[in-house]
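Have a look at this one before I ask anything.
Order of writing sets the chain letters: A, B, C, D and E. Residues in each chain are counted from 1.
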Amino acid sequence: MFTSEEWTAILLSLKVGSIATAASLPVAIAVAWVLARRDFRGKSLVDGVVHLPLVLPPVVTGYALLLLFGRRGVFGAFLADHLGLVFSFRWTGAALAAGVMGFPLMVRAIRLSLEAIDVRVEQAAATLGAPPLWVFATVTLPLASRGIVAGAVLAFAKALGEFGATITFVSNIPGQTQTIPSAIYALTQTPGGEAGALKLSIVAAGIALAALIVSEVSVRRARRGAAA
Amino acid sequence: MISVAVTLARGDFSLDVAFEGGAGVTGLFGPSGCGKTTVIRLVAGLDRPDAGRITLGERVLIDTATGARVAPHRRRIGLVFQDAQLFPHLDVATNLAYGRFFTPKPARRVETAAVIEVLGIGHLMKRRPETLSGGEKQRVAIGRALLTSPELLLMDEPLAALDDRRKLEILPFIERLRDEFAIPILYVSHSVEEVARLASTVVRLEHGRVARIGTPGEVLAPTALAPSTGRFEAISVLTGRVTRIDPAYGVSFVEHPAGRIVVPGLLEREGAEVHIAIRATDVTLALGRTPQVSVRTALAGRVAKVATDHGPFALVTMELASGDRLHAYATRLAVDDLGLDVGDGVQALIKAVSIDERGVQGLGVVAG
Amino acid sequence: PVAAQSSGPTVFAAASMKTALDEVVAAWRARSGRAVTVSYASAGALAKQIEQGAPADLFISADLEWMDFLETRKLIRPETRTNLVANALVLIAPAGTASAIDIVPGFPLATAIGDGKLATGDIRSVPVGKYAKAALTSLGVWAEVEPKIAGTENVRVALALVARGEAKFGIVYATDAGSEPKVTVVGTFPASSHPPIVYPAAITRDATAPDAAAFLDFLKGPEAAKIFAAQGFTRPQ
Amino acid sequence: MISVAVTLARGDFSLDVAFEGGAGVTGLFGPSGCGKTTVIRLVAGLDRPDAGRITLGERVLIDTATGARVAPHRRRIGLVFQDAQLFPHLDVATNLAYGRFFTPKPARRVETAAVIEVLGIGHLMKRRPETLSGGEKQRVAIGRALLTSPELLLMDEPLAALDDRRKLEILPFIERLRDEFAIPILYVSHSVEEVARLASTVVRLEHGRVARIGTPGEVLAPTALAPSTGRFEAISVLTGRVTRIDPAYGVSFVEHPAGRIVVPGLLEREGAEVHIAIRATDVTLALGRTPQVSVRTALAGRVAKVATDHGPFALVTMELASGDRLHAYATRLAVDDLGLDVGDGVQALIKAVSIDERGVQGLGVVAG
Amino acid sequence: MFTSEEWTAILLSLKVGSIATAASLPVAIAVAWVLARRDFRGKSLVDGVVHLPLVLPPVVTGYALLLLFGRRGVFGAFLADHLGLVFSFRWTGAALAAGVMGFPLMVRAIRLSLEAIDVRVEQAAATLGAPPLWVFATVTLPLASRGIVAGAVLAFAKALGEFGATITFVSNIPGQTQTIPSAIYALTQTPGGEAGALKLSIVAAGIALAALIVSEVSVRRARRGAAA
């Protein structure tokens, strides 16, 4: 049904999507919290930067990633030398690109949920002696769970579809950085590749649908279930 | 000892209060919108005053002059919100247990089982707040705050949503917190009886200002003729000593220089000093010898003052043998019919049944 | 603003032609006083759009494949089809990192790349990548080099990867290599090692613009040829 | 006429009630968690019963048997929620005006200005709900519901968050709605006085079942000796006719077959029939001739029953000359001391000052 | 500072972004409401379809649009013949592509806000006699305004950055369908085009930042202001 290259692309997409989502989630929560709850000079600018990957054509984002996180890039060189973390031409780079592209979606969803929380419930927790971080973990996060799940789903879905930034940043190396969308793109650029592209598109849609259903069920169960 | 001296402006409303609360219960009393909840929130540290200083014992909770400020979660101040504010994602049991973790072990003095029992919430433990009725929510909120064994407890109209019977079950428990566990309480309520029973100090707020501070007897006593709608809020507080507890009749006798007061229920122990709140509307004045009536308490004294106004009522202030003052409301009609005047010797008849458990310290629920 | 250019022909051109074609269009405008509208995208996207009825009068592809795609569907006028220019395939490296390499069958490219990468267009979707694959195959080194290939979305990204030193080598068109001072050409692939790199042009079946034929003639003419040559394009055989 | 007969199950809780409410106020009374709010929501159409039928006059609001159902917004039933539920994005004025648009012109009987005046919310009109105090929110919520001039008004503990004075100002207004505008009201309250004053029918709920239905006199009368904590909930209701209104003394005289009752305040008009709620704890029993006391009301009758229990209290039921029954609580001590027994002739002394405005129909705020 | 072609692209991007956002907003609100408040068979499927443009590579979405809404497409032919609404190779098509690509972001944001509304406030409106649509307009929508504004901003930002679907669907015709990102794409194909690409990227980022600031201010004012 699938060629081994397609299988590799599918598995890689799953890996890249999951890891990009999981790794960016904590950062997105922190940024969303700051944007939802704090007022400071330059807040709009931070908000703007967060939205950048959405506003810029993916190619530009990919190129910017290349400049920053390539082996010769400002951060890329540092991370490679000190942490051994190499992005260029690796699946890690694909995950970084996917994470960056999904970031604004994640932050928005989480921020909306945080803004909907009645702060008096958090205050109640404080009067019971809970320190801020504990309140955050046991009250704020669970109450924002809808937004967190929604953000994760959006980012994961985006990771499944992300292509422009990824291919620009880490190229298209089968087994390393060739995810489903790169494979699909290649097929669309080949006369007669439509059938193959359709097949892989259905796979991507199926994975996203599964993620959606899992997320809906988990939110519903959390609301019905007993404790957090 | 809580000491508050703060100012705060909010739109048209401005708060400027200074008061101190002692070891027992300090009642915060006043009309809707006068600033009670605002004060409570300042003490809990949930809002900051524009200027001022709040101290709890030795600890400065906030001082805008020095910039000192203790975060809410370090204040060890429990708060029962006017509108419950339960954690919607946690069941009742977890709501109740939430604060326990942060209570230092030696400070955990309030037992979970007793709280659940008194509040009657045992059957709700597995439920989510959204499925609770208004009164049930409020009871869980009370329990949640109590179980942190706080150093100061703030209660914002905790019993307003409850029926009388439930109130009368919970009140003795609040007294136990006050007495056994020595937890000082700042208590907001619209109920005179509750305040009179619990509070050693009452702060009356009006328009964001302290209108009066004192004992319940002082603050709730009618100094002038109160508008008639407020007459049920007027009380006198008499102090006496328990001389006899009569389990057979289920009553206690309190000796007061002006006479013997019969109180329903069994007071804690003979010899103890008790304060009894008596509503001015519950006192009947009698001339001549004690009539043959179902009232067992008659206190002797003389009329010190009769205040009348256009309204139907006269406020008669008696001076009792002890020098204590006792207030009684009567119709002007009655005052004229009896020809009551300053200096007349009168007896104050006080029905035992009208003495509210909420108005006597140390009186548990009177067994039915 | 400059709305009404649609009176002139609409050209669908492969994005890699942009620099040269923009100049040709400017020259045409200076000469005739008439406008030309050019839509640059990947040849594949443009071909499919024409298939779906896009209002293109002239199609310039980056390879033969997509022109054939349209021709078999009878969407171009075959009599107008012509190869405009040709290009050469070169091996590049970041400036100053490598000396010239003799590109002959079995040449040690894989060894030279080492654990680095060779950047070129995606070998399945991007024309330059397809040519690179063909060349390396005919030179008998494909199997060793394949795992070291980084396929990019277009030739300019491959060029940038080499220019920034992310990739040790790259295979691009001679025209691109000439425009980037940070790369040096270390070798040129023999023209025989790959299908001819030509840019075919044709008028579409549904063309309506009266100037389309005139503009195509201009493209084939000496003035345009000068511009193409300046960009490094060669004349097709 | 509202008629309710529904069942509903929710987890452990099940509701199974049937009652009818007449033209006036129907009181819903019962302990926390007994199902009052649930009933209110069913009548408003916000929840659906598992089975049953609710009708308002001729209109079937829901009938699970036929599947008929009127949507909430077509019921023309106003609802004051237990917890206000104001529109957070609208200012107070817009909150108040919200429903007006949907009230057919001829049905607009309640005047905005009067409502704002009585509720004392004129200064809040431009404010957002989040800046209001608990009591202020509740007052706005009452106003919002009133201003739709509904065909039935549901009020869920509307006054619980308010101080006594404010309550006593709002109550006469609710009576005006009931009388002048003939709006029937289903009224949930924990306050006996409120219910006794307003309601012509009281439904006592317990554990989701109707425990008792009847007039306030019947439902709130102590049939057996209530647990002592409930003794303040026990009342008797006497019906008499206004014979004289005395503006000079600010009192009214109500003639009852057993004697003249002095009521503080000026009743509406001479000749009118009024119901007066008298707490059993406010009645003093006297033997022999009327003593010289400040009480102006003495009703003659004889002891019909004396119920005693282990507790301190005895419930004495008197049969008055009219055949009406009047309940009085006394200590068992007093009953024994006086030697009270069934058949004895006694007088019931009732202080005018203890007659709560909330307990007399048609009595506005008594001017101070 | 800008060439006339660049100006054209900038103005076109603004037009395409605004119209795509405005036109898809009502549909997004309706879909979000259904997903937030109704339970029905196939709800997950609807949810999945809504997310499709996120999951599929933009090229695929663009190609699908071309097949469906092109002049020869199923809907395209119908709309052109009966409503005179032509999408292919017009700015309207760019707007359609942008709207479709931003749709999942919009729906999610609005849905999150709808789910955070306490239905009892809506019930209060019903007891005051307000019919469902009126409640929706005067209570539900204002209370969801944060999400609606956030969704609109996300969709608008996405429209500014959308490239793959647009160029695939309506090509890259200056003055007709060449938006900022397509112009940037063309520039990245040109030796020495980096500076121009950077310039246009900054323009896009600036527009997005302005939209963000306007949205924040409007939400803040709505919350402070008097009535809706």
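Just so it is clear, a residue touches a chain if its C-beta (ideal position, glycine included) is under 8 Å from a C-beta of that chain, and two chains touch if they have at least 3 such contacts.
Remember, predicted model here, so these are calculated numbers, not experimental data.
Enquirer: Strictly by the touch rule at the top, which chains does chain D share as contacts with chain E?
Expert: Chains that touch both chain D and chain E, as defined above, do not exist here.
Enquirer: Taking touch as defined above, what minimum step count separates chain A and chain D?
Expert: The fewest steps needed to get from chain A to chain D is 2.
Enquirer: Using only Cα atoms to place each chain's centre, name the chain farthest from chain D.
Expert: C
Enquirer: Counting in whole Å, what is the centre-to-centre distance of chain B and chain E, each centre being its mean C-alpha position?
Expert: 60
Enquirer: Using mean CA coordinates as chain centres, what's the gap between chain B and chain C in Å?
Expert: Spacing between the chain centres: roughly 89 Å.
Enquirer: How big is the gap, in whole Å, between where the Cα atoms of chain A centre and where those of chain B centre?
Expert: Distance between chain centres, rounded to whole Å: 56 Å.
Enquirer: Which residue numbers or ranges of chain D touch two or more of the other chains?
Expert: none
Enquirer: Specify, in ascending order, the residues of chain E that touch 2 or more different other chains.
Expert: 59, 63, 185, 188
Enquirer: Which residue numbers or ranges of chain C touch two or more of the other chains?
Expert: Residues 45 of chain C each touch two or more of the other chains.
Enquirer: Provide the full list of chain pairs in touch.
Expert: Chain pairs that touch: A-B, A-C, A-E, B-D, C-E, D-E.
Enquirer: Report the residues of chain D in contact with chain E in the complex, numbered from low to high.
Expert: Residues 44-46, 71-79, 81, 85-91, 93-94, 98-99, 101-103, 126, 144-145, 148.
Enquirer: Quick check on the complex: what are the chain D residues that touch chain B?
Expert: Those residues of chain D that touch chain B are 10-12, 30-33, 36-37, 82-83, 123, 127, 131-136, 139, 156-157, 160-166, 168-169, 190, 192, 225-233, 246, 249-251, 262, 264-265, 280-282, 284-288, 291-296, 309-313, 316, 328-338, 340, 349, 351-354, 356-357, 365-368.
Enquirer: Note which residues of chain A are touching chain C in the complex, please.
Expert: Answer in residue numbers: 59, 63, 66-67, 70-72, 88-89, 164, 167-168, 170-173, 182, 185-191.
Enquirer: Which stretch or stretches of chain E touch chain A in the complex?
Expert: For chain E paired with chain A, touching residues are 44-45, 47-48, 51-60, 63, 104-105, 108-109, 111-113, 115-116, 146-147, 150, 153-154, 157-158, 160-161, 163-164, 181, 184-185, 188, 197, 201, 204-205, 207-209, 212-213, 216.
Enquirer: Quick one: which bits of chain A touch chain B in the complex? Just the residue numbers, please.
Expert: 118, 120-121, 123-132, 135, 138-139, 142-143, 145, 222-223, 226-228
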